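We just call them A, B, C and D in the order they show up, numbering each chain from 1.
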Amino acid sequence: MTDQNSHPHPKHLIDVAPLSTALEKFAIDRDWTQFHSPKNLVMALSGEVGELTEIFQWMTEAQSLTAGANPETSLAVKDELADVQIYLVRLAAVLGVDLNAAVQDKLQKNAERYPADKVRGSNKKYTER
Amino acid sequence: MTDQNSHPHPKHLIDVAPLSTALEKFAIDRDWTQFHSPKNLVMALSGEVGELTEIFQWMTEAQSLTAGANPETSLAVKDELADVQIYLVRLAAVLGVDLNAAVQDKLQKNAERYPADKVRGSNKKYTER
Amino acid sequence: MTDQNSHPHPKHLIDVAPLSTALEKFAIDRDWTQFHSPKNLVMALSGEVGELTEIFQWMTEAQSLTAGANPETSLAVKDELADVQIYLVRLAAVLGVDLNAAVQDKLQKNAERYPADKVRGSNKKYTER
Amino acid sequence: MTDQNSHPHPKHLIDVAPLSTALEKFAIDRDWTQFHSPKNLVMALSGEVGELTEIFQWMTEAQSLTAGANPETSLAVKDELADVQIYLVRLAAVLGVDLNAAVQDKLQKNAERYPADKVRGSNKKYTER
């Protein structure tokens, strides 16, 4: 699934290469690459998003906006966001996907699919996303 | 929840700043910032991980390793990985979380929690992660 | 969303009424009905499925088949399955959905969508489900 | 993981036996039991919860309370609730878990963990659940 060279003029939107390298070394050092199939990593990613969800489930939207004011909540949120990012980068690595190129393609699609002048202020179109 | 300056010697593991800026502009142009509460964005992130999960649910682990061989599957996977990355960066932005610092902290914790010589080859300790 | 009477000849597939009543009382006794919006309950359901996912994420499929052999795992699995069932019934209740009727309709749709003689042994069609 | 007889005085909270039987027949008729490992079914369950989440992600809590007023949304919600119930029952079946007993045990635990007079009106304790 390697597509590192598929973009003739790749725009730099994200760079996750140093993290990807660090995670591969971490896994090799522990002989954990055997557990890192895409199927397993998708489940691990999903589990971490579940933990993130639990933090916000009983908050109102307004409360969620100031979730960082409580130091304990803030720390938990950072921890879970990091876990999601970590598993996402590891998953992309084992699948050979260039996350930056994938994101660039998706932004392009979204710009075509949701023209600003047509969807302004509507969560209807948004919902269809 | 801003913690951009909490790391005296921040290591560069990921850089998501250009994507974060692009996503904020995308939302402002469509007057969608009103929908981007952390609570809503966590749900959107979770929904995208659900779509990613559906791609892999009936595959064996071995099949998941070569998921990229099928062009249709490969495209779907890239699309969903991008969506997860996009919502994660947007969520971190509205929460004021520096993803790079959060990831750095988490790697540090993981290194302490899973010493290579103690957990090598074990998915037991791993499961406890 | 009440549809208790929409099925002229409802088949009994599941009965969740006693649990639904017990959960409503539990919430009222604690003044928790204020937190039980469908949006919040969907998140709670999602969080519990995340915990269930974490139990199985590093297992092979073969290992998952005998997950009950380990008493600790078995207990954790029962706990999470119960949580998922509890939030699902509570969610259906606040939405006024008759789960039995909904399940009956879905089985009917699935039978039409996946004729046994056309999809036998294939996880391709299944994947498209 | 069979525990059908572990409750000396089982209370009837839910009955999912007819659905469980119907789902097993559905899978056998299509030779799909080979795909129904607990690991795969947890992913399928998770994917369906993801679809349910997507319906509610941009709604306010107030909007989610009247989600059934829109016929299209109402139909989608019933469909996804049914899918979640279906995969949950199928998963419990392949694991040999008696959902009614599991739910009964969990309600007992919850009653002990959240005494009504101690947690009334608080989503703090609730969050810790």
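One rule holds in what follows: a contact is a pair of C-beta atoms (placed from the backbone, for glycine too) under 8 Å apart; a residue touches a chain by one contact, two chains touch by 3 or more.
Keep in mind the model is a prediction, meaning the values are calculated, not measured.
Common partners of chain C and chain D, by the touch rule above, are A, B. At the interface between chain A and chain D, over half of the residue numbers involved are used by both copies, so each side presents largely the same positions.
More contacting C-beta pairs link the chains of A-B than the other of the two pairs A-B and B-D. One copy, chain B, sits rotated relative to the other, chain C; on C-alpha atoms the angle is 180 degrees to the nearest 5.
Rounded to whole angstrom, the centroid-to-centroid distance between chain B and chain D, based on C-alpha atoms, equals 27 Å.
Centre-to-centre spacing of chain A and chain B amounts to 3 Å, using the average Cα coordinate of each chain.
Chain contacts: chain C has residues 35, 39-40, 42-43, 46, 49-50, 53-54, 56-61, 123, 126 touching two or more partner chains. Every residue of chain A that touches chain B in the complex is listed here, in rising order: 1-3, 11-16, 18-19, 22, 26, 29-32, 34-35, 37-40, 42-43, 45-46, 49-50, 52-53, 55-56, 59-62, 64-65, 67-68, 74, 77-79, 81-86, 88-89, 91-92, 94-97, 99, 101-103, 105-107, 109-111, 114, 116, 119-121, 123, 126.
Those residues of chain D whose C-beta lies close enough to touch chain A in the complex are 39, 42-43, 46, 54, 57-61, 123, 126-127.
Interface of chain C with chain A (complex): residues 35, 40, 43-44, 46-51, 53-54, 56-58.
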